[in-house]
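Notes follow once the structure below has been shown.
Labels run A, B, C and D following the written order; every chain starts at residue 1.
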Amino acid sequence: MSTPTTPGPRPPRIDESVWHRLRELAVEAMGRAYVPYSHFPVGAAALVEDGRLVSGCNVENAGYGVTLCAECGLVSELVRTGGGRLVAFVCVDARGAACAPCGRCRQLLSEHAHPAMVLAMPSGRASIDQVLPDRFTEADLDAVLGDPAARPVPGPTGPTSPGADAS
Amino acid sequence: MSTPTTPGPRPPRIDESVWHRLRELAVEAMGRAYVPYSHFPVGAAALVEDGRLVSGCNVENAGYGVTLCAECGLVSELVRTGGGRLVAFVCVDARGAACAPCGRCRQLLSEHAHPAMVLAMPSGRASIDQVLPDRFTEADLDAVLGDPAARPVPGPTGPTSPGADAS
Amino acid sequence: MSTPTTPGPRPPRIDESVWHRLRELAVEAMGRAYVPYSHFPVGAAALVEDGRLVSGCNVENAGYGVTLCAECGLVSELVRTGGGRLVAFVCVDARGAACAPCGRCRQLLSEHAHPAMVLAMPSGRASIDQVLPDRFTEADLDAVLGDPAARPVPGPTGPTSPGADAS
Amino acid sequence: MSTPTTPGPRPPRIDESVWHRLRELAVEAMGRAYVPYSHFPVGAAALVEDGRLVSGCNVENAGYGVTLCAECGLVSELVRTGGGRLVAFVCVDARGAACAPCGRCRQLLSEHAHPAMVLAMPSGRASIDQVLPDRFTEADLDAVLGDPAARPVPGPTGPTSPGADAS
């Protein structure tokens, strides 16, 4: 299982060409959105500490509560492709204008954010701590439950032999 | 914005080699899961009507309620890469054994399911209608709200000119 | 913390007057729904094993993905008021007609369902195992992680002294 | 269907006795939490503009992603009991110490927040705009989709006659 790498002391330098590329990728992702209910397509793109780019678009559902925001896809791709820390993030609406992530998405990003992560918000660029101050993290769990390193981890066993087929 | 293609009369024939390949992909995805809280990694893989394979792993969060199941990643990738109907689906736990999708994930899959979609469940293969009988769909909305074709759709405008930059 | 009581061998007998009362309560709850985005109000009501009635309505959000279905409110009230097992359930749309719970809501109900729980579905009454066959439960976690009784439980400490004030 | 009342120019004055009462209610709610997976009970309580108090506790699920936070219950109760604007909010952990709402919960609260809503955060009291700056609201939808008053609303019909029974 992947674990976010320990964040280095500072994020890669993010120059304007990176911001431009992230916006282009977010706009491209937005064009793929599945939004038959809201008619409000959103695209998101981010730079990972190791230089990878990840992206996502929103995916709605007749059961509105199970709607996947663009950030759900982005974070899923991040972990699916190896994990790591997010350092720069752009989200766009149908006009290509910066779109504010909802609170749920800020929580999703927070779990994988480099401490110096920067988001392109409608009001300008801001850090993860600025867009979600006093954020709820694993440290809040540890403060009540104790050090996780001292809590026994039930170890999942490896994939079973070919005999135990999932299909 | 992508829209699922109109399902053809029947799904591609799914032979055993496809099920084998889906299980391998699901196991590989499971190995990427981010599960510091449950220690319960899950991987999922599916075949799309056009022959594409999509996959995902679960991504947990200190705020347990925003956890992304493996199917969230799978469905996000489906739409991000062009949409289409799902025809075969496998989900595995840490042992590589078939894992039952939770109800939320069945709802996610339902929205993009080919009418003849088959899922590898712990108790054997089953159709989408068997794993989520009497499922809630857009038709339930339409029954109350009227035909969506008769409901005006607020048209999102295209990406704005280069001047309106999201970053 | 409340824990669902061990289910007895069979649920209370549910006569037609109870179903009538549940439907009335669900319709009343539906009238309270906050649905500025879908215009699709839903109400739900259920009978608990100990005779209590609980209910809920849907609550939407500009961030569609954080929408609370009527069942979210119902299950929250169930636990907030003492927990217990659900034995009968009704969900209605704006017409007062039976509405199928989405998959997410079946998962929510499943966790608190009496083994013989009955739901009023659009196609008629059905058990929880019929509406969510092969459902994902704590037993699936235990099968991989081992017996939870053998897993140490980090005990939350009690409320702190008056000095540590949350406000 | 209820709609939040138009917020008045300023919230009721919140004196220390109200904060004390909210904390007591949140601690009481916390004691009802259903947390067999995280062992991290949370309780939340809030004052509504009209003087009502609402509360909630977290409700977990074997499918971690459908976990209901304490704020889900609180907001559901708010709407179920008549709606209105939230003006003061307290959330506590197992120690009775102030607990930071996760991002999803800030989004839930935001939809029903009085513009001057105050939250008791671990770092002290803060406004809704401070804990979720540049928040995503209905105005973001309107900026792309146009004025909702100009968008036709499909009117749900009233409850059907007694003949159309949901049970």
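Methods note: contacts are C-beta pairs under 8 Å (C-beta built on N, C-alpha and C of every residue); 3 or more make two chains touch, one makes a residue touch a chain.
Nothing here was measured: the structure is a model prediction, and the numbers come from that model.
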item: Shared interface partners, meaning chains that touch chain A and chain B; value: C, D
item: Farthest-lying chain, centroid of Cα atoms versus that of chain C; value: A
item: Chain B and chain C: spacing of chain centres that average the CA atoms, whole Å; value: 24
item: Separation of chain A from chain C, taking each centre as the mean of its C-alpha atoms, in whole Å; value: 30
item: Residues within chain D bordering two or more other chains; value: 37-40, 60-63, 66, 68, 72, 93-95, 99, 102-105, 107-108, 136, 140-141, 144-145, 154, 156-157
item: Residues of chain C touching chain B in the complex; value: 38-40, 93-95, 99-108, 110, 121-123, 126, 130-136, 140-141, 143-145
item: Footprint of chain A on chain C - complex, ascending; value: 37-38, 60-69, 72, 102-105, 144-146, 151-152, 154, 156-157
item: Residues of chain C touching chain D in the complex; value: 1-4, 19-20, 22-23, 26-27, 29-37, 39-41, 55-57, 59-63, 66, 68, 72-73, 75-77, 79-83, 90-99, 104, 107-108, 111, 120, 125, 136-138, 140-141, 148, 153-160, 164-167
